[in-house]
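Got a structure for you, questions after.
Each chain carries a letter (A, B, C and D) given by its place in the written order, and its residues are counted from 1.
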Amino acid sequence: MSRIGVFTCWCGENIARTVDVERVAEAVAQIPGVRCSVHNKYMCSDPGQTMIREKIASERLDVLVVASCSPHMHLKTFRKAAGQAGINPYLVEMSNIREHCSWVHHDKEKATEKAIQLIRLSVEKVRRNRALEPIKVPVTKRALVIGGGVAGIQAALDIADTGYEVVMVEREPSIGGKMAGLSETFPTLDCSQCILTPRMVEVGQHSRIRLYSYSEVESVDGYVGNFKVTIRQKARYVDIDKCTGCGECWNCCPLKKQLSEFDYGMGTRRAIYVPFPQAVPARPVIDKNACTKLKKGGCGLCEKKCLAKAINFKDQDKLVEELVGAIIVATGYQLYRVGQDQGKRKLSGYGEYGYGRYKDVIDSLQFERLVSASGPTGGVIKRPSDGVVPNTVVFISCVGSRDNAKGLSYCSKICCMYTAKHTMLYKHKVHEGQAHVFYMDIRAGGKNYDEFVRRAIEQDGARYHRGRVSKITEENGKLIVRGADTLAAVPLTIEADMVVLAAAMRPSDGAEELAQELGVGYDEFGFFSESHPKLRPVETNAAGVFICGACHAPKDIPEAVAQASAVAGKVQVMFGHDEMTREPEIASINEQTCAACFACVRTCPYHAIEKTEIRSPKGILVKRTARVNSGLCMGCGTCVSVCPSKSADLEGFSEQQIYSMIESLV
Amino acid sequence: MTTHPTPAHPIALIPVENCYQCGKCTAGCPMAERMDVMPNQIVRLAQLGELERALRAESIWLCVSCQTCSTRCPKSFDCAGLMDILRQQAVEQAKAAPSQVRTQLFQKAFLRNIRRYGRLNELELVRTFKTLAFLKDMNIPFLVKDALLAFKLQQRGKLYLMGERVRDRGVVDRIFQRCL
Amino acid sequence: MSATPAFEPKIVAFVCNWCTYLGADLAGTNRLEYPANVRIIRLPCTGRIDFNLLIKAFEMKADAVLVSGCHPGDCHYTSGNYHARRRWMLFRELLAILGVDLDRIHFTWISAAEGKKWQQVITEITEKTREMGPYAYLSPARTATDEQWREEAVS
Amino acid sequence: MEIGYYPGCALHGSSNDYEASVHACLKALDVSLRELDDWICCGATAAHSLNHKLSIALPARNLGLAERDGFTQMLAPCPMCSMELIKAGRCLAEDPQVRKEISGIVELPVTGKTKVLNLIQVFQQVGLERLKSSVKTTLESVRAACYYGCLLTRPPETLQFDDCEQPSSMEKILEALGAKVVTWNYKTECCGAGMTMANEETVLDLSHKILSNAAAHGANCLVVACPMCHVNLDMKQGDIESRFNVRHGMVVYYLSDLVGLALGLDPQTLGIDRHFVTRPASPAQVAN
């Protein structure tokens, strides 16, 4: 029989105002097994914790219930206090009589009655708790970074510079991500490539970073500290070790008119190409959907020209395995494809803006390439249809963002800023030009951000109209933009030469599949979920998996970089230990009673249950059984509820405990 | 989701607070240029509970019910539906803008017409409408304006001196009685 | 008027630790008042819900049971809530056969951000259950031979 | 194929050319129309502007008649009628309370289960292949601007027909008949609809823009599937021309006119000679 101590907290007035704490303590003292029932003004305070420690000693208590706030608030506090007094931390439970009782009820009688019941429930549970030890697992001190955009680069360099190895996987032929294609960045207007490319080179040359470009994560097995990652290296048809990057091949390729992905279709490339001159690795790739040799067996000119013999038309996808202890997801974003198929998520609409039909209606990333000095026009703003410099440009914000009907309900956060930047860059290049912006609200929170927007308006003369655009049509080479200026309360039609749509930020293609592979939560839009929005912003609910950058939510470069460094810090903390501990409240299988139906194996979301065989010393099969891998089990308990033979159980939430909790409610 | 009208719809049931005043309704409205109060302002007035001004606005009578606003609304707010309700209330409360009286008279004449015959009797509709309008504004050119049109229609066999009527006119009248 | 106290239904809520429990916490933080009739049993995940638990709750004189977890796609454990829902589909017939009044079982998804929804759900269920009146569930196994059972169990 | 038919007031009035065209054309395609017995007016804009309940009840009466007569599908060639009927049908289907109340008002049990079709949908049911194979005279010289107006596609959640911003169903039919279609900007802009009488200025203004844009994009005729659009663009074209001092001379066809011509029917049968703006006598000359 346990000696149970119950400690009821007043939480100042917070609990005591509606719950008669003294009466609770008296009532609880009557429960069989309760040796000590006391109360204190602030149980979590130093005097409160001292009281707990003293009572443990004086009453020889061996299990505790603290009735105060939510266990999410202070369970760790009280378990630690109990641990210091020599009680196994897992023999402490909490009753939530604040959030679930005193704060939500006004009737003192009922609230007091409820508090007593809640404590009784915890008492019934705690007396069946078992002493547990945290699970220790070894740590492989290598990190995987998925995604080589600015966030991934920052995280990788920070971790590698601390002395740990990093494996980076980038889907595209070069790292650099979206930022590599940007022109100048707000609010300082510094050149994007100038600040990014040196970092890209660092990654490419770092002795502790192994870069897999043009590769994707195929599968992830294992658990925190011990992941086994399979990486698919897509056939590049160029041996990047032999290749010197001399450029003979892409200069001789006769297929000149391939639309460049890097330029978002605004420029062209060859069938063998380096996406952009500063690419890392600065090695070409062959577009198998364009190359004549790969499609029909002709040409082969590049192979003949290559002195390094690096071209390999027989190249195939390769799978490689890497062992890592932590995984960092930095898969970034893509733009809402205006008025076009958005893949699975049935986002449709914006037929009224004519994107895809009118050549001079472009999206914001395309505009970035138009103003970029390294872009297809050499930084001269020429509209796509006829190469004429546009005299009037309309910028439309919130395209897809904040549009529940045809798009996404959230704000993409950075569009207000880059649209202001676009108007400035445009004005700086086309002095006579007029920029119009249709906006709903200007969201320019951040250091020097609002000043930046005001500069666009006051100095560079961008005309801001508060209203959405309803329709764009094309008439005699002009785009007729029908909007409204709600501040002037007028409908407003502007004849523009070009229209730039600030399309919403969405997670990259494949983000959801990756989230599922990693066991990380994601929201309805496909953005990865953090473990706690305030206190664990870069961790996920899958231990050992971290997130940074726009895969988590729309964010700008400074924020993505800050998050990336935060992730690096978390990984360094993890790698600072040779072993790591995990919560021991996990499932177990009674192998004696297991009927080997393996329903648990099929339902376990973590693939943490394996089929095993018990053999006699002579190797004769005694029985087959399921077995929990304690490194993988996260303790959800799904196996317990599906087990027909009741052989599965969960520490901390055992069958016995839950049934006796229910029984205590009589 | 767009709210579908139900037979009883006090204005309080319309989720006007869903509108975030982006102005796309005004931007796309074919009639906005002629309106005294913009569609988004009409919604705004409804949000503020300033119905008086909305009910007296000419705009609600200029609205052609083309539904462009409701169709493109990013919040799926049924602005065209709100216009309907405001029109109904404006008539009920005798607040309809005097300058737009013709539209009201036309619609009243239209309903009177179908109440009587069950189907539209175009010639009689024009006659009723013109008479009502004339009694209101004594505008002779407007009264006789479409006389020539009648001739042209007749030439094309499109003019029916006697319109159709339904057999069960009783039920039509009773439907009107129950609804009005 | 009458001296008999109003019927106060007993509602047992099985909630997951990561969404609904936190949603209820949020209701508290925001001081959203609701009837005191609910007793929360915290589970790691609704995937842990075994439908025997529901029967047990009704045997223990619960008048209504609520099962609430994370929204689809939001499960802390990736898919526990789907398992719960799938099993509910399978087991509801069985519960009906066992004589459980299915109208007294409620399923919802309440996220950690939905304190307001928790308040509404609890208020609605309490009101509904109050209207339905007390529930005296007797499992078929227990009805006739309750005593016998207990004896057997003891021995 | 037999389907129910709700002509609506316009087709039994000054838009009798549309009715002639629809009848002749569908007959040639072996679609027989069974007119709803003793149908009443749908109430149109007047009802939904002045009395909401009436705007449900009037179409609901017709839906009740259709259910009584066992119609599963019913063509309403006027988009105003079809929209009102569909809207009422949705209201009825969604809410049992409404069903009960309205059934009482209209003195007929009504559930809203009858599927109401616009003219384009009937052609779609006939099928493009069938249309293609029935062509007797290809419409080679036709360069049509297909005009949908407001009510064929809006409100989209209620009507669930075609893309409300870039509809293409009429184009597909005309292309199957060998006609050329032009890309233009005013496909779904409003022509002023039922305001013809009460607010003529507006109608002339809006319709003028539509006619101009169609011509600017190289169309030699407009194609509509709405009697009100036809009134505004055809009958009022003279007024538009004198108001804006321009010469449009734009022939405005009903969709069924062009289908009929392609099927070898003569313009008189299709009622084309009753249009205000006329030119052609034979299909070959349709668009000269």
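Annotations
In this text, a contact is a pair of C-beta atoms (placed from the backbone, for glycine too) under 8 Å apart; a residue touches a chain by one contact, two chains touch by 3 or more.
Values in this document were obtained by computation on a predicted structure and should not be read as measured data.
By C-beta contact pairs, the most connected chain pair is B-D. Averaging C-alpha coordinates per chain places the centre of chain B 21 Å away from that of chain D. The distance from the centre of chain A to the centre of chain D, each centre being the mean of the chain's C-alpha atoms, comes to 51 Å. In terms of their C-alpha centroids, the spacing between chain C and chain D amounts to 55 Å. In chain B, the residues that touch at least two other chains are 68. Looking at chain D, residues 164 sit in touch with two or more other chains.
For chain C, no residue reaches two or more other chains under the stated contact definition. Applying the touch definition to every pair of chains gives A-B, A-C, A-D, B-D.
Residues of chain C that touch chain A in their complex: 10, 12, 18, 21-22, 24-25, 27-29, 31-36, 39-45, 47-50, 53, 56-57, 60-62, 73-80, 83-84, 87, 119. Interface residues of chain A facing chain C in the complex, by the touch rule stated above, are 70-72, 96, 98-101, 103-107, 110-111, 113-114, 117-118, 121, 516, 519, 521-524, 529, 541, 585, 603, 605-606, 634-638, 640-642, 650, 653, 658-659, 661-663, 665-666. Touching chain A in their complex are the following residues of chain D: 163-166, 185-186, 213, 216.
Those residues of chain B that touch chain A in the shared complex are 20-29, 32-33, 38, 40-41, 68, 72-76. On the side of chain D, the complex with chain B involves touching residues 9-10, 12-17, 38-41, 43-58, 61, 87, 90-91, 94-95, 98, 101-102, 104-107, 149-151, 154-158, 164, 188-190, 192-195, 197-199, 202, 206, 235, 273-276.
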